[in-house]
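Both of the next two complexes hold chain A, though its partner changes from chain B to chain C.
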Partner chain A sequence: MLSILRNLDRRLIFLMMLLAVAVPILLQSRFPEKPSGLAQAVFDEIEALQPGDRVLLAFDFDPASEGELGPMATSLTYHCAQKELRLYFMALWPVGPQMISNVIQDVIRRDFPHMVYGEDYVDLGFKSGGEGVIKVILTDLRQLYTTDARGTPLNRIPMLEDVTDIRQMDLIVSLSAGTPGTKEWVQYAVTPYPHDLRIVAGCTGIQAPLLYPYIPQQLPGLLGAIKGAAEYEELVMQAYAGEDPPARYAEARRRMGPQLVAHVLMILLIIAGNVVYFTEQKRGRR
Partner chain B sequence: MKRTIPFLIASVAGFVLIIAYFVPFAEGWGESVSIWFDVLAAIAFILGGGNLLKNHLQKVSARKPGWAYSAITVAAFALTLFAGLAKLGATPNPQYPASSAWSGAYRETGTVFWWIYEYAFVPLTATIFALLAFYVASAAFRAFRARNTEAALLLGTAFIILLGRTFAGVYLTSWLPDSLYGLRIENLSVDIMRVFVTAGNRAIMIGIALGTAAVSLKILLGVDRSYLGSGDE
Partner chain C sequence: MQRSTMLWTLVMVVAAAFLIGRTLQGEGGRGSAYVRVVPRAVDEDHPEGRWQGVERVDPAEYWRAQAADPAQTAVRWSPANTVGIWLAALFTLAVLSFLAGDNPVYKVAESILVGVSAAYWMVVGFWEVLVPNLLGKLMPGVIQAWALPGLEAEPDLSYLVPLTLGVLLLWRLAPRGAWIGRWPMAFIIGVFCGLRLVTYIHADFLSQIRNSIVPLVVMNERGFAFWDSVRNVLTVFGMLACLVYFFFSIEHRGAVGKCARAGIWVLMITFGAAFGYTVMGRIALLAIRLEFLFDDWLWLIDPNNRRVVDGATALLQSAGIL
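Presenting the complex of A and B:
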């Protein structure tokens, strides 16, 4: 047994990982989710808003992190649309606009066809400059944005007529996979204007530890990785869609199945590796 | 001169931003500098594209090892750039029906740019990211050893976090009575993140901030000019 473990082929580990991810997907395994305090805080921040309030949704991620952040984007947009909030989409990442298009297509056009572009939601698109963009639009939106992503001048978009800067937003929702992202929104937008702006965020697993120092004063709520997405999805769907929502609103919870089996496999591999290590150490001492 | 003018621009911009942060009267100056920064960031895309072409074309022409990858990079870059700029496959904007595809959106469904994004960029980037799972599993088996007390602590923490981020954590310790609620794995994982990770990260952040302030001051005062290059080229 020990010699099998010692000589365990790398390709066999790859195969085990493939099965660990594939089998729960094929079996459509679902596990119950217990929302954490941080997911509840994100939910409560949006729940506290009134119909017509302004929400800025910054989609600072790309397809590489879509696996974690895509389901969050879907649930957050769905929740905001259910609350009849006015949605202002923007991106500081070059492929962010495609992420925005996905949720507009999958959530707003499909389930909220009564929402009118320019009156209920607007896509401001991508702007280069990272934190520089945040610093400028904090005091004057039109210095950088003369048109929306479709090329329509801002003064011809009804929901932007009386918006001069983003301090007029009632909430910022930042979905980020790196820099620029949530950290920059917290440092450059919320920290200088703590009484004007509030922010909640969703981020990749690797980014979450870097954002914990800002909780709860500067960042009241945070969805970390697919686990955070699943917890928030559970909260939103329980509140608005009932027990059997469409598959696209159960995506995060569906992805928790492969995560469970993959994590258990990782633990078993670590234990197996240590068994080999300590047995060899023991033999060496003899 | 080649180094003095860039140094003066960096120094003036930096000091203006510092003054603008502390002096309300100078807030507008800071905004102007921020706008210059955004304009430069947009122009940097062109510079970046030029740099990419220069480096990879040099590799191709010199037939350096791996030149074929460079050729693919240049071809992919040129194709995507052309598809986006020419708005290939875009339908005219309904507001301007008589005009050409140029009035349409380059990334609307059905355009060549959309096709490249949807069927090449998305699967490729997602695949590269997904490969991490396989390599992490292999590395976990081969390298994650409890060689000493620190490594054993790290290992124990990893187990709690790995289990706490799934339903396994809830399932394994749900039998614990309410008086030991904090010892349930899902709560332990939250506490590790909230207390130990936060404390460690705050210490690192404060250290980085002090280091950044010191380096920034050296750059603004011209003590450190290494960012300007050697000036020999």
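Presenting the complex of A and C:
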């Protein structure tokens, strides 16, 4: 047995992992989610806003992290639309506009057709420059944004008429897969203006440990990876969607099935690896 | 050929045969994408739009539209999007084939990804940076007539400075005087150093010190808050232990040594948690790719009910009319 484990072909491990992820997807298994404090904090921050309040949604991710952040984007947009908030979408990543288009198409146009572009939501599109963009639009939005993503001048967009800078936003929601992302929003926007701006965020698993030090003073709420997305989705759907929400609002919870099985496999492999290591060490001593 | 290589090649060939067979057999449509024609730039003079665009729709919507009116063209099969799905599926498999070992199919997929990404960045850089942020500021009239009809601005000659710096930066490519490119590079480095130095001191150094000054005994309206107190004690203890570990001016012996040892434990737990998150992220990546293959390409699953149709449409489908 020990020799089998020691000489286990790595491709066999890949195959096991493939099955561990594929089988729950094919069976469409789902497990109950219990929201954590951080997911609850994100939910509460949005709940505290009043209809008509301004929310800046920064979609700083791309298709590579869509699996984790896509469900968060869907739930957050759904929650904000339910609260009748005014949504300002923007992206610091070049593929971010496609992610914005996806939620506008899948959430706003499908379930909130009464929302009017330019009055209830606007897509400011992508701007390059990373943290430089944040630094500039903190004091002057029009310095960098002359038109929205569709080419309409900002002055002709009703919900932007009286917006001069992003300090007028009531909340920033940052969905981030790297740099520039939530870290930069915390560093350049929220930290210098703690009394003007508040932020909640959703991030990939890799980024989450880097953002924990900012909790809770600089970053009140954080959705970490697909687990955070599933918890938040559960909260939003329980509060607003009733017993039978559309299937597209269960993406994150559905993706927790493969997570569970794959994590069990990982734990078993780590235990097996340690057993082999310590047994061999013991034999070596003899 | 080695026995194991032969075995894995066989497994991959069988899997590929299944996937291709699955997409070709039975009712048609697998891996297909459909679009709806939508009017663009609608105004009073052009109630049906100045031009037409398309929006992706679910297959069920196409089947419903066909059931209602077989001659309709407002919702239709999209060859471009269908090819997109097939290419995405085949490239996903090509990249995953690296798990069995390096191979030419993977190399081709990798090279195409790099090439496409570079081209995408160049195009985005031109249309999103150079045109609106530089040319649009220097000659807004020309840019408005040529590329950005919505641009409304007065010429701002201060943007000649970044234009000059940009030209100097490109001088690096010239056969002589490449050193001139160092000036704008020095400017960029200087600006970002200043920007980041201040930000890190404010947001990470000073704010983190302030955030770690917390009461070790937490009292709330209900009295002593046990778990909040435990959290604060662990935060402060963990921070101090890690700092001691990185403090090399005193030999790590005795009490200092024990504290440093505790710091190592805290660091190891942190790395473990970070690793756990990384695993979660990677599994999510694999899950979304498999979901794409099973749902969009092979139609093995339908988690979002995108292919659920009413009884009549289903009947037409089963009769082969749709």
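The definition used in the following text is that the second predicted complex is superposed on the first by the 286 of 286 C-alpha atoms of A that agree within 3 Å, B and C clash if a C-alpha of one lies under 4 Å from a C-alpha of the other, contacts with A are read in each partner's own complex, and residues count from 1 in each chain.
Convention: a contact is a pair of C-beta atoms (placed from the backbone, for glycine too) under 8 Å apart; a residue touches a chain by one contact, two chains touch by 3 or more.
Fair warning: this is a prediction, and the values are worked out from it, not measured in the lab.
Participant: Could you tell me if A:Pro32 is touching chain B, chain C, both of them or neither one (first, second, both, neither)?
Facilitator: The answer is first: A:Pro32 touches chain B but not chain C.
Participant: Touch test for A:Arg198: chain B only (first), chain C only (second), both, or neither?
Facilitator: neither
Participant: Could you say whether A:His79 touches chain B, chain C, both of them, or neither, answering first, second, both or neither?
Facilitator: neither
Participant: Who does A:Ala22 touch here: chain B (first), chain C (second), both, or neither?
Facilitator: Touch partner of A:Ala22: chain C, not chain B.
Participant: One more residue to check, A:Gln98. First (chain B), second (chain C), both or neither?
Facilitator: The answer is first: A:Gln98 touches chain B but not chain C.
Participant: By the touch definition at the top of the document, which applies to A:Ala225: first (chain B), second (chain C), both, or neither?
Facilitator: In the superposition, A:Ala225 touches chain B and chain C alike.
Participant: Using the touch definition from the top, say if A:Arg253 reaches chain B (first), chain C (second), both or neither.
Facilitator: A:Arg253 contacts neither chain B nor chain C.
Participant: According to the stated criteria, A:Met266 is in contact with first (chain B), second (chain C), both, or neither; which is it?
Facilitator: both
Participant: Would you please give the residues of chain A that touch chain B in one complex and also touch chain C in the other complex?
Facilitator: Residues common to the chain A contacts of chain C and of chain B are 14, 17-18, 21, 64-67, 127-129, 132, 135, 144, 150-151, 205, 208-209, 213, 224-225, 227, 259, 262-263, 266, listed in rising order.
Participant: Given the complex with chain A, which residues does chain C contribute to the contact?
Facilitator: 4, 8, 55-56, 99-100, 120-121, 124-125, 128-129, 132-133, 136, 148-153, 195, 199-200, 202-204, 207-208, 210-211, 270, 273-274, 277-291, 294, 300-301, 303-305
Participant: Which part of chain A faces chain B closely enough to touch in the complex?
Facilitator: Result: residues 8, 10, 13-14, 16-18, 21, 31-34, 36-37, 62-67, 95, 97-98, 101, 127-130, 132-133, 135-136, 139-140, 143-144, 149-151, 205, 208-210, 212-213, 215, 224-225, 227, 256, 259-260, 262-267, 269-270, 272-274, 277-278 of chain A touch chain B.
Participant: Inside the complex, what are the residues of chain B that reach chain A?
Facilitator: 27, 30-31, 34-35, 37-38, 41-42, 44-45, 93, 105, 107, 117, 121-122, 125-126, 128-130, 133-134, 136-138, 140-147, 155, 158-159, 162-163, 165-168, 170, 186, 190, 193-194, 197-198, 201-202, 205
Participant: State the interface residues of chain A toward chain C in the complex, per the touch definition above.
Facilitator: Touching chain C: residues 9, 11, 14, 17-18, 21-22, 25-26, 28, 64-68, 70, 94, 105, 125-129, 131-132, 135, 144, 146-147, 150-153, 155-156, 186-188, 191-192, 204-206, 208-209, 213-214, 217-218, 224-227, 246-248, 250-251, 254-255, 258-259, 262-263, 266 of chain A.
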